[in-house]
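Each of the next two complexes has subunit A plus one other chain: subunit B in the first, subunit C in the second.
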Partner chain A sequence: MSSDSKKRSSRREFLKHSSQLAATTAIAGASIPYVYPGESNTIKISLIGCGGRGTGAAANALATTSGPTKLVAMAEVFDVRLKTSLKTLEDEFGDQVDVPVDRRFTGLDGYKKAIECLGPGDVVILATPPAFRPIHLEYAVEKNCNVFMEKSFAVDAPGIHRVLEAGKAASKKNLKIAGGLMSRHYPPLEEAVRRIHDGAIGEVITCWAYREHEPVGFRPKDPGMTELAHQIRNYSNFTWLNGTFLLDWLIHNLDVCCWVKGAWPVHAQGQGGRQVRQEPDQLFDHYSVEYSFEDGTRLLAQGRHMTNCWAFFGDVIHGSTGSAVLGEGIRIPQLYKGHRQTADNLLWQHTGPMSNAYQIEHDRFFEAIRKDEPYNEAERSAYAAMTGILGRMAAESGKMVTWDEAMASKLVLAPGLETKTLESDPPVLPDSQGEYAIAKPGFTRVL
Partner chain B sequence: MPSPDSQGSFKKLSSTMPKKKLLLLSILLSLLVLVRSEPLNAQDRYTETITTESGDEISFDMVLIPAASFQMGSPPQEEGRNEDEGPQFTVQLSSYYLATKETTLDLFLAYYRETHAPAQDYFPGVPEEVDAITGPTPVYGDITMGRGGDNPAIGMTWKNAVSFCKWLSRKTGREYRLPTEAEWENACRCGTDQVFGFGNDPAQLSTYAWFDLGPSTGTHEVGTKKPNALGLFDMHGNVGEWVHDFYAPDSYVEMAQLNPAQNPTGPKTGKVQVARGGNFRSPSKALRCASRDYEKRWWRSGDPQLPKSQWWLPDMDHIGFRVARTAAQ
Partner chain C sequence: MSASKHEDQKSKTTRREFITQSAVATAVAGISVARTAHVAGSDALKIALIGCGGRGSGAADDALHCRTPLKLVALADVLEDRVQRSLKALNEVEEIQGQLELPAERQFVGFDSYKRVMDLDVDIVLLTTPPAFRPLHYSAAVEAGKHVFMEKPCCVDGPGYRTMMEMNKLADSKGLKVVVGLQRRHQSSYLEGIKRVHDGAVGDIILIRTYFNMPGTGPDYRKRPATVTEMEWQLRRWGRYTWLSGDHIVEQAVHEIDIANWIKGDETPVKANGMGGRQVRIGCGNGQIFDHHFVEYTYADGAKHYAQAKQQPGGWTHVSDNVHGTKGVMTVGSGPYGMGGDSTYGGGEKRTLGAKMESPYRREHQDLVDAVVNDTQLNDGYHGANSSMTAVLGRMATYSGDEVTWEEATSSDLELAPGLESYTLATLPPALPDAEGNYPIAVPGQTKAW
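Showing the complex of A and B:
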């Protein structure tokens, strides 16, 4: 195949070129054309963040079939977690996992070393808590690596801008960036959204995003664990790490609503609080945010994490002639005529085979790398995250916040995160009772 | 004494049977009478009631399935049959109780709320069993998947279903467990050797079962179709039901050599377990008494984590279970 041999030769030329560059040390920022491996070249992978999802993402990457892949380095704050992850992957992928002791990195600066184990055009998987995403993404792009980054992508507006800038830099270097909003790669949902865009339920008037379920878990602090390590271990429970549930957990549902609507919101107002939850952390246990789009239509997002309450996880869309139930939490998207979602009113539902969006998002990403096709999800990933951040700002402040105000915010939730070690103080500390500051609508500053 | 219900039903069944089968059934029934002439402490049917931590009462019914001998598996000529359903072999079972309905979401949520672990974690040094009952990790989604409390519990791994049984046993003081695969099939067959518990005609299925009949977006409330002759609802369809046994495609080959197999419990080791009865999405052939389903790799594909959750099969809205209990001998 002529195209294949062209790719292979490009890769060879590139490798030659890059080794020359490497010899001159500072390759950072160098403009390198055609950073892509052909189908027969092994793409090396570094995994940054070896929790359950990071390990799962590495497995998805190693399971792609567009060409050979190999996991070569891992970075993780906690040594025990790295070992679990490595063993799990070795058991499943054998020789595809080649991470000797000198390519296992722990601590908060391990990401740099793991990325440095790669060559240009290889793949970094970023799966740490989202607070670290902008820092890690910037470094991976600086080192000319393609990136798969798990959701979410930043916790504050300055972080969003860093992701946007890194995304632009990646495009200039012909690097591919995938963002882990797998709903966008779920064929049944793609079909449903295509049908809505083709007018199946008329003009989209209202979107509802729900994530209502049982309380969120919490691990008490182990003796001997530093406060920062404790918070990272419970990263879902601290605002500077996960940006609240509106962002980190509702992001799929928010993103799908905005995808269906074909727009990002222009402003938001909302509310939230902590009615039942007792765990020593910063979580609201309920929240509700009303977003408005440019055309005046609304998106209402709500979450509740309480026991013995009604539960629902998914999106409900109302159009001028019909409605839809879909999104994260709804495996089989459904379109209905009218606004009552009954079997009699069913217009369409997915009936095809099962598919695994977590695998498909990696299949498409690796294929784009192999075929050198444009692939950069950084911008829409950043905007999806910004939608969540805007919601947090509205709910925590109790104010109406515009998209532009939010984007212009200079507030950094974790100043100096780059230089922290596990022994550093985290941005929030418990008081004498062991309690943490919780946002107070009307008083909390969010911009 | 067998309950009037089950006796009456057996009679009804026998009136429609050919003579050879009648003879077989009468032998079987006399066997039953022999075994059952021993005193049974348990009653033929009882209602179990638990009180949840939030003060709600939840009840379910257990019915005694008499000791029996039956042919397990399907004959080679059965339509829709799979290889793993053979060869047929004789099973002798002691009496046992089986829940008349699939375990409901209400009951399963009560278990979850009382036992779940503090948080999902990947620290191997942290022991998983916090107390006597190993509780599941928190679910960061809707456990009900949008279904009501009287619908069957769904989306749990086999381990989670077993853990539920342990909790229920502690809660009630009676030893609950999953039925063995043989117990399940015996209860589904209701003493017949027909394709379905009610006969051979798939056209009658919709009287007894929720299965693939056009658009269907989920499970249905338990016990809303006609029960079988033993008073058991939804043995065909609604949700596939976990049973005790490991799955092996050739497990019947080994058991057939025992002839009869007494209270068989399946292969000693294995990687995945069997689920029986088909579900609301299944074609009729998967609802046959002999049809065996088992955990497939894709059942965990909705779980983006690795190692995969030991407790949950995210998105698997068609896998549930019902409980069994060994009857006092």
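Showing the complex of A and C:
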């Protein structure tokens, strides 16, 4: 980022050469198409999953300035949500939104049709609940589309492997994959992490990741609604759909800690439970997980969804000479000397203009597509999600779980999801009291 | 106070001589002359046990294994069968038979049985009832001029803590010796390991990690039979009631929480936040306590202590104390005797103390008796109370879900068992079951915890 322009251009030239090399290889490989839309072609976009985040992602994509873009198709389980999303986007982007009725798709297989509206090198935005991500990503790559995928990227180890494989397939096809860990594209944070990597607070010894706030909502089942639709509408509340909030909500700050540390954890142990929450769903309302890195240093993660409790949202990093406060929830990253984060200990804090990481992640992604620069965040995204999954496995089982054990797990939370319709039974069903199975440490199988 | 143990022999002698001289000077002026003369003579020291459960009987047994002659002359407990069970257990230990002088008239039963013991001519009292009674019994012992061995924890709430600290000062002014059953303070491997930490082996301290993760038991739906009072039912299952035990983060994890404070030079944290709950060990038979706690303590210099306390079956069972500093990491102890090791970085040290170690459960009694006999300064009551209160602070954080400062916790007026001094077996305890037999359990965000 901050290297001078000469360096940058030479790096770019290098990348151009290597991608030409890739192109040559691709031509030689015959079956692998080499596609990129160039600087001036209109990139068509399909949005799969039209909730708040999906709509936001589509808006960010349409707001990129590296060349023309057009939203051409939308897929969403709930018709009403699709209409709301479409209206929002039409109001803001006018002609850039061209989604006639025959390119609006509902139902669980709508994603295929929306992807099929695109040509090679166009962009699919994947923003459904995380359970579906591997399925959708595979199909988008199969259809030679570039992909922006929201976090989280999978909810179990087999899903992670599918994301990793799809990521590799995308690289072979010279497709670009962006993962929605926007903190990685937040310039003030990039600057803070660069300073930490340059030694500003010494060797990183402890990372603390927090996301603590009010509980997530719950919408009771409407009359006539299928059980599967009900669970999807409350996707944050069912483990098979979002992998718990330790994964789906804490992933950013777990990922930032691993970025700062420059490593993924090797094992985890933790605990959690449901102490306050009464809603008929599967959520724990609190988690604490201790991750260990290869060198013996620790990442301590806390997630809590409770009312009227102490709440902090961010990361605190302790190095051998200082500390840092940064991450999702911290708009202005700060570095401190020593371990008391007080004004008189401040070493550095971001002072420049504020920026919107959600926009920047799309700007960079579209620019990479247009300039045909390598851009594939699939592996990093998958490992960040795996960190959350590992923590969930530890907290739900009450056991020490290694990264390798977790990665080798064959446990699929939603078997046969590809073939389900909204009328299918979901993987978890309520009992006669209308309550769902909740993880029981010491007994719940997680691997 | 523990620092004196690390001094070399020469300075130790000097220090001891100094204390002896100054103690003699005080003694001459004050009331402890007779006692000093008595214990220095050939008579065996007399000890009495207040609280005849498993730990109490074990503590008496350990004490009677001291090299110094001791006699156990009285037993006291709220419950008659506990006294008898303890008597039977002690009578079965062959090597202490000559040291038991426990006629029926010195087997005291009832809530006020501790007072009968204080009236006797005994040198040392062993206070091993459930922790709720500790401040009351300690106060009585100090008032009566007894040396004290007391089991951990020393208090379960803020008012109890303040009583303990006040009584510590009174004990000092009377020349009384106090040992708390935080036996790691009397364990050679910990003394050596923590000395190394204090000498800079890991550099400046950034993180202390402690665990007291035990298997515990599973769900329990037993209800009180009509034949016993609610008070008796709770006393017999005291670990499951917060007012009696302080919850297991206080009752059990205090060992590890004390190590963290010790590592930090006997500082106490300035604040704590944490979370916990009751996820597996459920049911009315399990009373009120959580089965898992995690607390993040912060010390004044920003150093952290991650304390985990769990009692759940089938999970990761682990007890250890670890310290990460700017130069490396050390596992000060793991397992009940602190013999294990851990991963290292930055040239950190992997500790493996293979040598046979003297039982710290016996050593702590020998240290007390030595201090009594030699009249050397020994009062574990300060770190005992501070670490117990640190654990209470942790429970306040997990029960409330809030961040709690040391200041708030120690100035709290919330008494878990008001009027404890006048309880009888007929008194209704402070935590009562609802119509289904379920006891009140903390709800973070709602519970007033301090």
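Criterion: the second predicted complex is superposed on the first by the 413 of 447 C-alpha atoms of A that agree within 3 Å, B and C clash if a C-alpha of one lies under 4 Å from a C-alpha of the other, contacts with A are read in each partner's own complex, and residues count from 1 in each chain.
To be clear about the criterion, a contact is a pair of C-beta atoms (placed from the backbone, for glycine too) under 8 Å apart; a residue touches a chain by one contact, two chains touch by 3 or more.
Quick caveat: nothing in here was measured; it's all calculated off a predicted structure.
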item	value
First, second, both or neither for A:263, with subunit B first and subunit C second	neither
Partner chain(s) touched by A:443 [first = subunit B, second = subunit C, both, neither]	second
First, second, both or neither for A:216, with subunit B first and subunit C second	first
First, second, both or neither for A:320, with subunit B first and subunit C second	second
Contacts of A:307 with subunit B and subunit C, given as first, second, both or neither	both
Which superposed partner A:63 touches (first subunit B, second subunit C, both, neither)	neither
Touched partner set for A:422, first subunit B, second subunit C, both or neither	neither
Which superposed partner A:89 touches (first subunit B, second subunit C, both, neither)	first
Residues on subunit A lying within both footprints (that of subunit B and that of subunit C)	307-308
Of subunit C, residues touching subunit A in the complex	203, 206-207, 209, 273-280, 292, 294, 296, 301-304, 306, 308, 310, 312-316, 324, 326-327, 329, 342-346, 348, 397, 400-403, 442-446
Residues of subunit A that touch subunit C when the two form their complex	202-203, 205-206, 208, 269, 271-276, 286-288, 290, 292, 295-298, 300, 302, 304, 306-310, 318, 320-321, 323, 338-341, 397-400, 440-443
Complex interface listing, subunit B residues touching subunit A	54, 112-113, 116-125, 137-146, 215-217, 298, 301-307, 315, 317
Contact set on subunit A toward subunit B in their complex	51-53, 55-59, 78, 80-81, 83-85, 88-89, 92, 182, 211-220, 233-234, 249, 307-308, 311-314, 329-332, 334, 343, 346, 349, 354, 356, 358-359
